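Structures are listed in the sections that come next.
Below, chain A partners chain B and then partners chain C, in two separate complexes.
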Partner chain A sequence: MLKQYPTLRYILQRGGWYFITFVVAVAINFYLPRLGSNNPVKIIMGNTSQGLSSEAVKEKEEKYLKEFGLVKVKNGNIVRNEDGSPVKASILEQFISYVGMCFKGDLGTSFQKYPKKVLDVIKEAVPWTIALQLPTILFGWIVGNVLGALAAYKRGIFDKVFFPISLLLSSLPFFVFGMLLVYQFAVVWDCFPAMGGYAGDLIPTFSWAFFSSAAYHYVLPFFSIFLIAAGGQAIGMRSMGIYELGTDYIKYAKWLGLKETRIIAYLFRNAMLPQLTGLALSLGTMIGGALITEMIFSYPGLGMAMLTAIQNNDYPMIQGCTLLITVCVLIANFTVDILIGFLDPRVKAGLQIGKGK
Partner chain B sequence: MNRNFKFKGLIAGALLCGLIGCGGGEKKESDAGSPFPRSKTLYLAGSQWGDPTTFNPMADVWASTWPVGKGAFNLVYEPLLSFNALDGKFEPCLGSLVSKSGDEIVIDINPEATWSDGQRVSAADVKFIFEIGRRFKDAPTAINAEYFTEIKVEKVQNNGVETERLTFVVEKKVRNNPLIILDHITQTRIVPSHIWEKALADNGNDLSAVQKIPVDGSAVVSGPYKTEAATNEKVVLKRRDDYWGNKALFGGKKPVPEFIIHPIFKSNDAFSIALQKGELDGSQTFIPRIWMKQKDGVKTWFDQAPYFLAGAVPIFVMNTTKAPTNDKNFRRAMAAAINYNDVKELAVSGYSPDIQPGLIMAGIGIEGKYFNADDAKQFGVSYDPERAKKILADAGYKSVYKADGTLDYMTDKKGTKLPTLFIKSPAGWSDWEAIVTIAVKGLRAAGIDAREGFVDASLYWPARGSGDFDILLTKPDNAVLPSTPWSRFFNVMTSSTWRPIGQNMNENYGRYNNPKSKEFNPMVEKLLKEIPTLSDPAKLSEAYRALNKIFMIEQPAIPLAYLPEQFYEFSETRWTGWPTAADPYAPPLLPWVGASTKILWQLQLAK
Partner chain C sequence: MKQFLTLFKSPMFVIGFSLFVGTLLLALLGPLVFNITTERVGVQYAPPSGKYWFGCDDLGRDYVSLLIKGLQASLYVGFLAGIIATTLGTLLGIYGGFKGGLVDDIINMVTNLFIVIPSIVIIILISASFSEGRSLTLIAVIIGMTAWTWSARAVRAQSSALKSKDHISLAKMNGANTFAVITLHILPYLASYVFMVFILQVATGILTEAAISMIGLGPLDTVSLGTILNQAKNNGALSDGIWWAFLPATVIITMVVFALYLINTSAEGVFNPRLRK
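So, the complex of A and B:
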């Protein structure tokens, strides 16, 4: 079947694998947070039970256990053991009800941000995360790769200056670089805001005041990620370029007397393949947020929401975030897989051979 | 921002942008077009950390958002009385105190108090929230009702004005604790019963459903402000110009700031930077070395050490159900081994006066008068490494050292090897971690095998209540209440709420004084029961002295420093008129807590 359509077959095959990966990932994301002995209701009660009688504490605890679906419920009442303690819902039962809810588009209620819905938390945070991450990753990738390829090809003085700078940038931890930026530009020179996604005296609206303020607040967080990302990409591209320069096909091309621009184009295309996979991965994981940047700049985004969720065993929130990340990583990878199928002659050749069989 | 800075900003921006040749962004302040002009807005922070969730006053405290949940915030909903920790007086709010005794507490509802919909604040509103525990055991204020048998309501004439008089009759059999009733009266904020009773009826009397009703700025409130807007980055309150208290309590004046904005920051540094830049007017977070920030206008209650007014005591609680911390000699040796001066200077940036033995803060506030220096000298243990070693040696403990001279382990008098003791504390709380590290150093120097046990906060809370620790760092009181310091003693020493290790206990985490054991000291419970009912100052003083003596001798916990109730920091860049030690017209708390709310009427714009 589909033998006469190798490309379609390739896509379907890949898609099948990705679907299996998706199911396994969701199951693991669901299971892992529940491995610990710490139950989220206990964490909430530890914070809230001060001054309550033990009877009231028990009642409250059961209310939350029921509300969060962690105990078995029959006709609206908690199912109890012989000693009166509630029967815990097994992980499988929780999983089934979770999957059922997911199909209805309901990711549940956050425990920690109760009574907020997980979907609302994500909706509020994701635009900020994407606005911060997508341009930094894309620009960083493009600028880094172009500079890296240039350095590999030109060598000489350009490379001698450029390489150590990239090395320095890429090995600087985000938080150090971010704090240096804040110190210099926000505290010493006081020319950029130190924190926030927009001015403290505004409420997000579709107005010029808001967007200009957001743009102004965007500068430091943007550069704190961009420069480091570009540095890392440039180094990768440079070494890939140098490697490719020494390969037979380049030598052959030179020997054939091809034009230099043509050779650079070949070089770039081949050296770019691993970089492309890297890009896909970072685009996929970007949704998880730039936690460190968010913390340093008190910038809105999903990273902090996820951190507090994990710290507090906020299962629905963790699940919601990891589901989103899983989907994004898989989509990004899938796209790259398909793209590579068209771009990489070796994969293409593989398909051609497949056709012959 | 002056022109010079702007110019530098443009250069810096151009440099940054030039690096990649793309436009960076607009560089200008948005002051002009702001809906909240700086000259009308007060910026305060530190009470709300996560995303705003709900402003529903019926919701559980942990789940609701500032200024509705988490503390005695008087801005939107108000209590009957406010407690002023500086002079121990009860200041009028929705009500005023007529009399208090061991049997009853009498309060008149302020006849001028009205809700924002024009209805009068009535006894029915007070009864609704105070007695809700009789209908719903899991309501946030359910515990209130256990302390009184009834709230009697009568109509009296005050200077010709008909006034509702409430009498809280103290429940004598079980709780018998008028102090806690006073705590509740100052902490419980009254909600309009005509709104919430109806909400309950509409939802089939289901409290959980009512707790989920979304509430916004149109809610019926009694306080001087209402919620205007909330995003994940800030909560905005707007002044209510028709607030009843302006006329009744403040001589016709309005609170000065029209808006109060509570920015929500994600890290501690943000508070410090914002204060220094004048973007934040007040905060309540731990900022190390605050004296270095004075040049940027960041000020505190005292302008020199200890900078803050003490109000709470962090302590080490020891698990008294297992060896060796079940031995009071061992616990006393520990107390002698810790260098409290290092704790003060290095861990808490000097924000503590010198501490004295015992659980009473010597020389501090209203409780200072209960401290007895002779007792402290005779029964208490201070830092004295030699004494620590002597106590240990006398009790038969031996330290075993490795060949390189470092401590290996410790044995008791039978020669049994003792386990390493871990001091449990939440990871990442930098000042607490420093306290533990300094204590470990002192304990090991005295030959006690103790180590840091930093755990995730999510593991710390459940472990605290269930007694799953060797030694635990905790702070038994978070606010100075009418019941302080009794509440501190109760939190540390009571075994009246006894639960074995493994089950949750909200007091006495170390399970001191097991009522079923041979060593049970009934005197502790007797004094704890007695103090709240005493009104004769001499008897009260005597009782506290006796209780503190038992604490010092048995040492169930080790006080480590006197920290402030709140790290009250403010900046005079935009607003002046904050209370300080030199002008103590309100307690050192941000102007939304209890008796400090009146700061809002005293602020002036800086020139």
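So, the complex of A and C:
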């Protein structure tokens, strides 16, 4: 099947595989929060039902049960037992209605910010997360790779100083590094704000005051992620570079007497492959990557939204965030697989003979 | 065993090893030297003094006691998670790589599936659903159960390369069963590799516990280095400039993980001659 089009076949194959993974991920996302004995409706009722009559409470409870897909619904009405109590939906039925809702883009309603939709909360938070992460990841990636490549190629004293430092940097838990920055720059020296994405008395608008305030609040979170990201990339690039330096094709190129710049060009083309993969992957984990950094800086992104959700047992919100994170990671992985298919000569050769994985 | 002794010739390894042994001793012998108590002993956020070296926390508890207990907890999580992840990963990886065929395909599929699904998502979802009775052991088990995947993939690659070696065929011809071949003829070759995987898994376990506690999903039954940091953040110790609430815990976590990374990197250098120069 599709023998003539190995590339297309490869893409379809990978796509099918990622679809299966996606289904499993959704199932996990659905099932795990139901492991504990938490009844979402009880929690939300506890928050909102004070001072209501028992009739009103019952009505409200049934409305929630319906909304969270916990009871059977037919033509928009709750299916009832003979005594009038609603028929509970089985776990499979709940799952089916959950999947149906997800595909419609409905991630449910937040408990804590009821009746706000989870999707709306996420929509407000995601731009902040992307604004914080995207430039940081790109910059960190570039700087880290250049340093790592230098360390691999030069070795010697440069490597001896630089390598332990990046190792130490990357063993510092990244969120702790953020705390240290806050302490030193925001508390001791008091030159940068410790919390928030912008000054508390401003409202996000397209104004100079807002942007300058946002930029000012951007500095510390940026550096807390940037340095760690660059350190990690540098370590990866260094060992890839060293590995490639020892391979046969480099030795062969040297024996042929090729110019050094030429050899370095070959070297980096091959060493870059896994690094590119790493870049795509970290862009995929971007949404979920800075959860804790955001929490430390009370940055108004997804991490903060998730933290408040966790603190308030807001399951639909937690589930919405985790689903979003998973989907982004899956998309990134799929993209990487396709990219590798085009970029890696080994995979490409395999495809052309028709033995592609 | 001999290859492990050569490790001690690497200065990087010696530094990492001594650092790690130092933290181990602190965790194990600390309670003998210091009077460990989680009772209230001083005022809220009492600054460091001769009596309480690292001051007191928001409840007036002595930080030296908390840090030693926290270190014990973090090491416990690291080792338990590391053992679970490495054992699962190694067994599945070797078995799949050696057996091949359908078993291998299934193991491979499950591994790839769980490599792609971010483990932090699974950890958050499980921890969040246990809002009561979330113990340190439970957290370690969750971390271990989600971290085995990449070690399985790595070990599988190694063992399927070994599969076609002559001494394996010879052992099979002599009638050795799968179990004997794996334990006697494959595992010894992978020992150094599994050792490095284990070290990294321990480090990952410690870091993951700290991260999960930082989010507020940490153990409820004990102090860990992560919960100390979480409290410092939640109670505003960070923005009030109370450095003893988070700096010592930070330094300890970093030291342990750095020591483990040093051990791993130096072992890589010794076991993989290409990196030597």
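Here is the rule we go by: the second predicted complex is superposed on the first by the 298 of 357 C-alpha atoms of A that agree within 3 Å, B and C clash if a C-alpha of one lies under 4 Å from a C-alpha of the other, contacts with A are read in each partner's own complex, and residues count from 1 in each chain.
Throughout what follows, a contact is a pair of C-beta atoms (placed from the backbone, for glycine too) under 8 Å apart; a residue touches a chain by one contact, two chains touch by 3 or more.
From a predicted model like this one, the values you see are computed outputs, not experimental measurements.
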*State whether chain B or chain C is in contact with more residues of chain A in the superposed arrangement.*
B
*asked:* Applying the document's definition of touch, where does A:E82 land relative to chain B and chain C: first, second, both, or neither?
replied: neither
*asked:* Under the stated touch criterion, which partner chain does A:D248 make contact with: chain B (first), chain C (second), both, or neither?
replied: neither
_So in the superposed three-chain picture, is A:L32 touching just chain B, just chain C, both, or none of them (first/second/both/neither)?_
second
*For A:A215, is the partner it touches chain B (first), chain C (second), both, or none of the two (neither)?*
first
*asked:* Once chain A of both complexes is superposed, is A:K63 in touch with chain B (first), chain C (second), both, or neither?
replied: first
*Could you say whether A:W189 touches chain B, chain C, both of them, or neither, answering first, second, both or neither?*
first
*Look at A:N333 in the shared chain and tell me whether it touches chain B only, chain C only, both, or neither; answer first, second, both or neither.*
second
*Touching A:L180, do we find chain B (first), chain C (second), both, or neither?*
second
*Given the touch rule stated above, what does A:N313 touch, chain B (first), chain C (second), both, or neither?*
both
*Enumerate the residues of chain A that count as touching chain B in its complex and touching chain C in the other.*
38, 182, 186-187, 194-195, 295-296, 311, 313
*asked:* List the residues on chain A that touch chain C in their complex, please.
replied: 17-18, 20-21, 24-25, 28-29, 32-36, 38, 155, 167-168, 170-173, 175-176, 179-180, 182-183, 186-188, 194-195, 239, 242-243, 246, 285, 288, 291-292, 295-296, 306-307, 310-311, 313, 315, 318-319, 322, 325-326, 329-330, 333
*Can you check the complex and tell me which residues of chain A touch chain B?*
38, 42-57, 59-60, 63, 67, 112-116, 121, 124-125, 139, 143, 182, 185-187, 189-192, 194-204, 207-210, 212-213, 215-219, 222-223, 226-227, 230, 294-296, 298-300, 304-305, 308, 311-313
*asked:* Applying the document's contact rule, which stretches of chain C touch chain A when the two form their complex?
replied: 112-113, 116-118, 120-122, 124-126, 128-132, 203, 207, 210-211, 214-217, 229, 232-233, 238-241, 243, 246-247, 250, 253-254, 257-258, 260-262, 265, 274-275, 277
_Can you tell me which positions in chain B touch chain A when the two form their complex?_
1, 5-6, 8-10, 12-13, 16, 19-20, 22, 24-31, 33-38, 41, 43, 50-51, 53-54, 59-63, 133, 137-138, 142-143, 146, 208, 211-212, 229, 231-234, 236, 261, 263-267, 269-270, 273-274, 276-277, 279, 456-462, 464-465, 497, 499, 504, 506
